[in-house]
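In this document, chain identifiers A, B, C, D and E correspond to the written order of the chains, with residue numbering beginning at 1 in each.
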Amino acid sequence: MTLSGPLTFLLQLPLASAAGAADAFLERLPLVARDWVTSWLPEPWRWLVNSLLSIAVILSVFGLLFAYVTLAERKILGRIQNRPGPNRTPIPFTKLRFFGLAQPFADGVKSLTKEDVVPRGADHLLHFLAPVVLLAFSILTFAVIPYGRHLVPVELNAGVLYFFAAGAATELAVFMAGWASRNKYSLLAAMRALAQLISYELPLLLAWVPVVLVAGSLSTTEIVAAQAGWQFNVIPHWHVFTPWGAAGFAIFMIAALAESNRSPFDLPEAESELIAGHLTEYSGFKYALFFMAEYFGMIALSGMAITLFLGGWHAPSPYVEFIPSYVWFMGKLSALLLGFIWIRATFPRLRMDQLTRFAWKFLVPLALINLGNAAFWSLSFHWSGPFQILRWLISVLVVVGPFVLLGRKLSAGVAPRVYRYAV
Amino acid sequence: MSLDPLPLCLLFSSALFCLGLIGALARSNTILVLLGIELMLNAANLNFIAFWRYGPVTSPATGVMFVIFSIAVAAAEAAVGLALIIAVYRHQKNIRLQEANRLKG
Amino acid sequence: MSLSAQYLWVIPALPLVAAAIGALTPRSGRSLVAGAAIVALALSFFISCAALSTALANPAAHLTHNFTWFELGNDTVRLGWLLDPLTAFMCTMVTFVGTLIFIFSLGYMHEDENFKQFFCFLSLFAAAMLGLLVANSLLLLFICWELVGLASYLLIGFWFHKPSAAAAAKKAFITTRIGDLGFLLGLLWLYDSAGSLLLYDNGNGVLEATALGALGSAATVCGLSVASAIGLLLFCGAVGKSGQFPLHVWLPDAMEGPTPVSALIHAATMVAAGVFLMARVYPLLTPDALQVIAIIGAITALLGATIAVAQYDLKRILAFSTVSQLGYMMLAIGVGAPSAAIFHLLTHAFFKALLFLGAGSVIHAAHHEQDIRQLGGLSVKMKLTFATFAIGTMALVGVPLFFSGFWSKEAILHAAHATAGSHFPFYAALVGVVLTAFYNTRLIAETFFGHGRSHAAEHAHENSAVMTTPLVILAFFAIALGFLGTPVYPWLQARLSGETAVHGHSLLDGVGLLVLSSGLVALGIGAGFALYGRTLRLRTKATAPDPLAIAAPRTHAFLGDRLKFDELYAATFGVVNTFLATASDWFDRSVWGGIVHFLALLGEFSGTVNREADEQGLNAGFDATSEKLRASGQAYSRAQTGDAHGYLRFLAVGFVVLALVAILGGGA
Amino acid sequence: MLGTGLLQGLGVTAKNFVGSFHDPARLTTIEYPEVKTKLPEAYRNFPFLVTENATDPMGTLRCVACQICEKECPPQCIYIEKSKDKKPDATGKPQLFPAVFAIDTSVCMSCQICVEVCPFEAIKMDQVYEIATTDRFSALLLNREQLAKSNAYYHEIHPTEAAEVDARLAAERKAAEEKAAAAAAAKAAAAAAKASPVAKPPLTA
Amino acid sequence: MTAALVLIAVFTLATAAVALSLRNLIHSALLLIASWFGIAAFYLWAGAEFVAFAQVLVYVGAVSMVVLFAVLLTRRSRADTVIAPDSVARAISAVITGIAVFGVLGAAILNTSFARLSPAGVPPLPSGTGVSPVISAPTATVRDIGMQLMSTHAAALLIIGILLTVALLGAVVLAAQDGPESKQESP
C-alpha cells in the first residue's frame, strides 16, 4: 500500500460517493491489516487464521469496551449524582492517574484474586458451568453483527434468528446459576429472572419482526443494506425514521433493557434488595464473568438494535461518509450504551407485578399492532402525492393511538404519590 | 457397511429414536418419559432433513418445511404434556407414570 | 394535483373511519372524537379539491371505476365510483360547509353530555352523504341515501328526551321512507328494463345512449311511457328527501334537532340530495316527467314561501324558506336547466348554512330562545352575527348584483321563462320572489331591530370565535360564489354541462327580467318594512300581536298552522291507515291464529302416538342390543391396564414383529 | 400521557450531569487526603492539655493535677499522678503539676465533661481526626507529652472560645495582681505605720 | 465431512443416553438440552440453517424452560429416590425392546440401496471446510422458506398457529390451580 492511496482519498474526502466510500483506504483498513497478518501463511490455512483473528479482535475490542463501559458507567453515574466517580486508580507503579483510567484493570485484578466461595451443598459442576455458558453464548451473539461495510464476522442467511437463538440460551445459564447454588433464595430469584426474561423475550422478538417484514430478509447484512440511502441527503432511510420503526425501536430498547437486566428492570439481581438474586452464591471471578456476560449481552443487543433500526454502519448523511463505517457503528453503539447508563441513573426499579404487567399488557399488544402497522407500511409503499401524507398520518395514528390508550390503561390509578401525613 | 452420508444419518436417527424409546420405556418419571418422546420426535426430524439433503430431489425445501411444522407441534406437545404432568402431580402428589392408572378398565 | 377515480372511495371513507373512532371511543374521549371528525372531513375536503381539479380538467368526461360487488347466478351486481364536475362540485361543497359546521358545533354543542355521539353521528352522516355523491351506481346511491336518512333520524332525535324531537325524528324518517318506496320501485323497474344500475359504464350505463334508447322504445304503461314512469318514481324519492310538496311536512319539524344539524343536513346538504339525484339522472327524465317536476317544484316554492310568512319560530322560518328554495331547484330541473339548479344548490348551501349557523349563534346567545317574538334588538349586541346574517338574508332574497342568491335565482327565472312547457312555474317563481323578500324582511326586523322583547334577548352577547369564524367564512362565500355563474360569464354552468368554453352574453340581453325581479324584490322588502319595520318601536312586549294578524287574522292563522297539512294528513291517510291496521289485527288473530292453533293440536296428537309406539315397540329390541354392547365393551376394557409403559412397549414390539414380517416375507 | 414523567426525569438527570462539569458548587465531594474540609469550630473529639508556652510545654502546663477530671471522667480514661514538688503557675502561685497525665483514647467517649469541670482551663477538646494507628494498646494511650498543646494551637482551633478563656484568665490574673498589689500596698502602709523609719522592701517586685 | 457427522452423532447420542439414565432430573434435562444442541449442529451440518436456529430457539429457549419449570414444580417425594423392585425388570425389558427396534431399523437401512435414491451428479464432498454445505446440495434460504410457508403451506401454517394457540390456552387451563388463589402463571 503506497502513500498515494490515502492521499488521493484525502483529496476527494467530501465528495466520496458510495462506491468510493466502499473502497476508501480507511474503510478497507481492517481488511488490509488482516491480509497483511495472514499473508505469510500458506493458502489452505488462511481461512482458519482469518477466523481466529476475527474472534481475537472481537474479544479484545469488546473486552476493552466492556472494561471501559463499566468505568464510564461509574463515572457518568457519579456525575449525574454530582460526584466525580472513580478517578484515583493510577497506572501501576506510577502516580499518574489519568482520570482513573486504570480502574477496570484494578477491578479485574481484584476479582481474580478474591476467594472463590462455593456453597457446600452446591452442584459444583453446574455452579462452575453457569457463568461459562452465559459468557459463551453472549460472545456467540457477536458473530452476526455487521460492524462495518466489510466487517461481518459470519454472514448467515438467518442471521437475526441466529442472534436471538444464541441469546435465548442465556436463560439456561440463569437457571443453572440459581439452581446450582443450593440456596432457596437464589432459586427463587432465578425463577423471577426467568419469568422476566421470558416475558420480555416476546416483545423483543415481536419488535424486530416488522423490520424483517419490510427489509424482506433475516440476514443482518441485507437488513443494513435495506437502510442505505438518504432523503434530501440529510434524512437517512433508517427504519427508526418511520412511525413503525420508531415504535419498534422503542419497544426493542425497552425489552433489551429488561433482557440485559438493566435498571429499571434490574430486579433479578437488585443488589440493594435481593443481594444480587441468583448470583448470591457467586463471588470473585465467577461473579465477574456474569458481570462481563451481562455487559456483553447489553452491547450485543445494542449492536443488533443499531443493525435493525439505526441503519447499521451507515453514515447519517453522505457528507460525513468519509468517516469509515466502523467508526459510525462504534459511535452509535456508544450513544446507545450512554442511553442505557442514563436510564439506569434516572429511573427507579419496577416492582415484579408492574414489570410483568408492563410486558404482557403494554409492550406485547403494542408490538403486535406495530407488526400490523409495518405490514400496512410495506403494502402502501406505492402511495404518492397526498396519499403519502395520508400514509404517514395513518401510520403515526396507529402508533400513537394505541400508545395513548394502552398507556392510559396502564397508568390508571397511578398518580404521583401523596404523602398524606406529611406536612 | 457403506460410508455414504444418507445411511449414516438414518442410522444416527434410528439410534436416537431407540434411545428415546428406551428412555420412555425404562423410566418411571413422567417428565423423563416425555423427554424420551421428544427425542423420538427429534429423531424423526433428523430423517426429514437427511432425506431432504440426500434424497431424490422433490419440491424445494419440503423436508425443511416438515421439520418446521414438526418443531412447532413438538413445542405444543411439550407444553401440554408438561401442563398435564403438573396437573397429575397436583392430583396424586408424585409423577410416577405407573401410578397414573386410575382410569383403567 | 389529480386524483384517479379509483381512489374516490377515500373521500367518504375518511369520515367513516372518524365515525368508527367515535363509536369505539369511550365517552370521555370527547376531544379525540371531535378532532378525528374534523380532521377527517378536512382531509376529505382536500382530496375533494384534488378531485375537483381533476374533473375540471376535462369536464365532459365521466371518470368511473367500477367493480363487482357480488355475483348472483348469472347476474353480477356491480358498484363503482364516478367523478364528473357535478360530483366534484358537490363533494367540495359538502366537505367545506361540513367542516365549517363541524367546527361551529365544537362551540355550539360544547356543554352537551352526548358530545361524542354527536360527532360520531355527524361523521356517519358526512360519510353517507359523500358516498351518495361519489356513487356510480344507483344501488350504491340508494344504500347511501338510506344511510343519510338514518343519520338524519339519529340527529333530529339527538335530544330524544324531548318528546317533540323524538316525534319529529320519527316523522322525518317515515315521511322520507314513503318517498323512498317510490325510489326503490323505480330502481327495480329500471334494473328490469335496463339490466344495470351503473350510471356510466363505457356505454352500458343507464345514463348512456344504449340504455336510454332501450327505455325510449319500451312500451307505455297506463298512458305513461316506461321512462316517464321510472323518472317519476325516482322523483318520488327526491320529493321525500328534498321536502317537496306533498311530503314537505317533515322538514320544518326536523328543526327540533340541534342547530348545526339543521344547518348541515336540513339546509345545506342532505335535502339537496334529492335535487342532486334529479340532476344526476337528468338524461333519464322525459319531458312528461320534467313537466310534473316543474309543477311540483313551483307549488313547493310558492307553498314554502307562503307558510313562512306567518311563522314565529326562527328556525322554522328558515326551514320553510329551505322548502321554498328546494322548490326553486326542482323547478329549475323541471324546466330543463339542471346546471342552474345545481348553481342555486351550491349558493343556497352556503347562504342557508350561514343563515342557520347565524340562527344558531342567536339561539345560543339568547339561551335557546327561538321565538322571534321574544327576540329583537340584537343588531347592537351581536354585530358580527348580525352582519353575516344580513348577508345571508340578502343572498336568500336575491338582492341584485352583489349577492350569490340573486345570480342563481336569476338563472332559474331565465330558464323558467324560456321553457317550452307551461308558464305556471315561472309565475309561481315570481310570486315566490316577492314572498321571500317579504318574510325575510320580517325575520330580520323582528330578530335584530327594535327593542329586546324578553329577558334573554336583552342579555344576549356575541359568541366565541369558534362559532363566529365559520360565519365570516360562509358570508364571504355567500357573496363571492354568485360570480361563478353570472350570465356574463356562466363558468359554473358551463363546467357542469361539460363544456370547456364559456359562452357569456351581455346583461342587457335579459334586462327586462332582471329589472322585473329586482322590482319584485324591492316590492317584497318594501312591503315587509312597511308592515313590520315601522311598527317595531311600538312593540316592546312579546305578547304584542303580529301586524299581519291584525290585518288579516284568519289568513294569518291558517298560514300559521301551515295550511293545515298535518291535520289533513291525519284526517285522511291516518284514518285509512288506522282502519287497515285494525282490520289486519283482527284478521291475524282470528283467521291465521285459528289455523295455527289447529295445526298445533294436530302436531301434539301425532307426537303422543309416536311416543307410545316408540316405548312399547322399538325400545325392547334396542335395550337388548345395548346390553350386549356394554358387555363386550367391558370385556375390551380389561385390556386397558392404565400402564402407559405397557402400551408403548406393545407398540414397539408390534412394530418389530410387523417389520420382521415385512422384511422376511417381502424378501428384501 | 404516559412517558412525559419519564422524559422529565431524564431531563433532571441530564441537567445534573451537565451541571456537574460547569458548576463546581454542585460537586460536594472533597478529595480527602489532598483536600480537607474546614472543620466547624465547635467540632471536638479528644481532650488535650493546654500549655502557655510552646517552647517549654512541660514547664507551662496549666494543669495543677487537681484530679477533678480524673474523678469526673465517666469511662475513667484519665490517669493522673501528682508531682512531688511545686512550681509557679500562670499567676505565679506555686502549684502542683501532673507528673503523669495519660488519657486512653480507645476508652474516651469525647463527652467533654473533663473540660467542663476543669477550674483551671487546663484541658480542652482537640480537633484531630487522623489518629488511626497500627498499635491498639500503647499507641492509643496518650501521655503528658503527647497531650500537651500550646495555647496558640488552642486559639487556632477554637478561636472564640480561646479568646473568652484568655480574657477570663487575664481578668483573673489582673484581679490577682490588683489584689496582690492592694495587699502589698496595705502591708506596706501597715509596715510604714508600724516602722516608719525603716522601710522594708516589698515581698514581691 | 463424514467425520463431522460421526462426531455430532456420537455427541448427541452420548448426551441423550446419559441424560436418560441419570437420576438427577435437572442434570438429565440439561444434558438433553446439550443433545438438542447436537441435533441443531446436525441441521447446520446438513445445510438447514433456519431449522437449526429454530431448533435452538424453540428447544433451548422454550421447551427446556418448560421442562425445568415442570421439574421444579413437581418436587419428588422420598419414595422416588428408592429404586423400585419392578423398575430393574422394566429397564431390562426396555433395553431389549429398544435394541430389537434398532436392530430391525438398522437392518432395514443397511439392506436398502440408497444409490438410486440419491440425486445424480452429486459431486464428491470437499473435505476440511467445516460445516459449509455442498454447492449443489438443495438449499433452502429463508426467503424460500418464507415463500413456501405463505403459499404452498399457508393452510398448514394457519392450522399450526391455531394449534399453538389452543395448546397454550390448554396448558394454562391444565396447569392453573383451581380456586381463588390461582395466581400461578404457567411458564
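Structural remarks
Everything that follows uses one rule, which is that a residue touches a chain if its C-beta (ideal position, glycine included) is under 8 Å from a C-beta of that chain, and two chains touch if they have at least 3 such contacts.
All figures in this text were calculated on a predicted structure; none of them were measured in a lab.
When the partners of chain B are compared with those of chain E, the chains appearing in both lists are C. Taking the CA centroid of chain B as reference, the farthest chain centroid is that of D.
Taking the mean of each chain's C-alpha atoms, the chain closest to the overall C-alpha centroid is A. Each chain's centre was taken as the mean of its CA atoms, and the one lying most distant from chain E is D. When C-beta pairs in contact are tallied for each pair of chains, B-E comes out on top. If you average the Cα atoms of chain C and of chain D, the two centres end up 102 Å apart. Chain A and chain E, compared by their mean Cα positions, are separated by 30 Å. One inter-chain figure worth recording: chain C and chain E are separated by 66 Å, centre to centre, where each centre is the mean of the chain's CA atoms. Each chain gets a centre from the mean of its Cα atoms; for chain B and chain D, those two points are 88 Å apart. Within chain B, residues 21, 25, 28, 98 each touch two or more of the remaining chains. Pairwise, the chains that make contact are A-C, A-D, A-E, B-C, B-E, C-E. Chain contact summary for the complex, chain B toward chain C: residues 21, 24-25, 28, 33, 97-98, 100-105. Looking at the complex, you find that chain E touches chain A at residues 26-27, 30, 33, 49-50, 53-54, 56-57, 60-62, 64-65, 68-69, 72, 141-143, 185, 187.
Residues 1-3, 6, 9-10, 12-14, 16-17, 19-21, 26-29, 31 of chain D are the ones that touch chain A when the two sit in their complex. Within the complex formed with chain D, the chain A residues making contact are 76, 79-84, 342-343, 345-347, 403-404, 407-408, 410-411.
By the touch criterion given at the top, residues 123, 126, 156-158, 161-162, 164-166, 168-169, 171-172, 175-176, 179, 187, 191, 194-195, 198, 201, 216-219 of chain A touch chain E in their complex.
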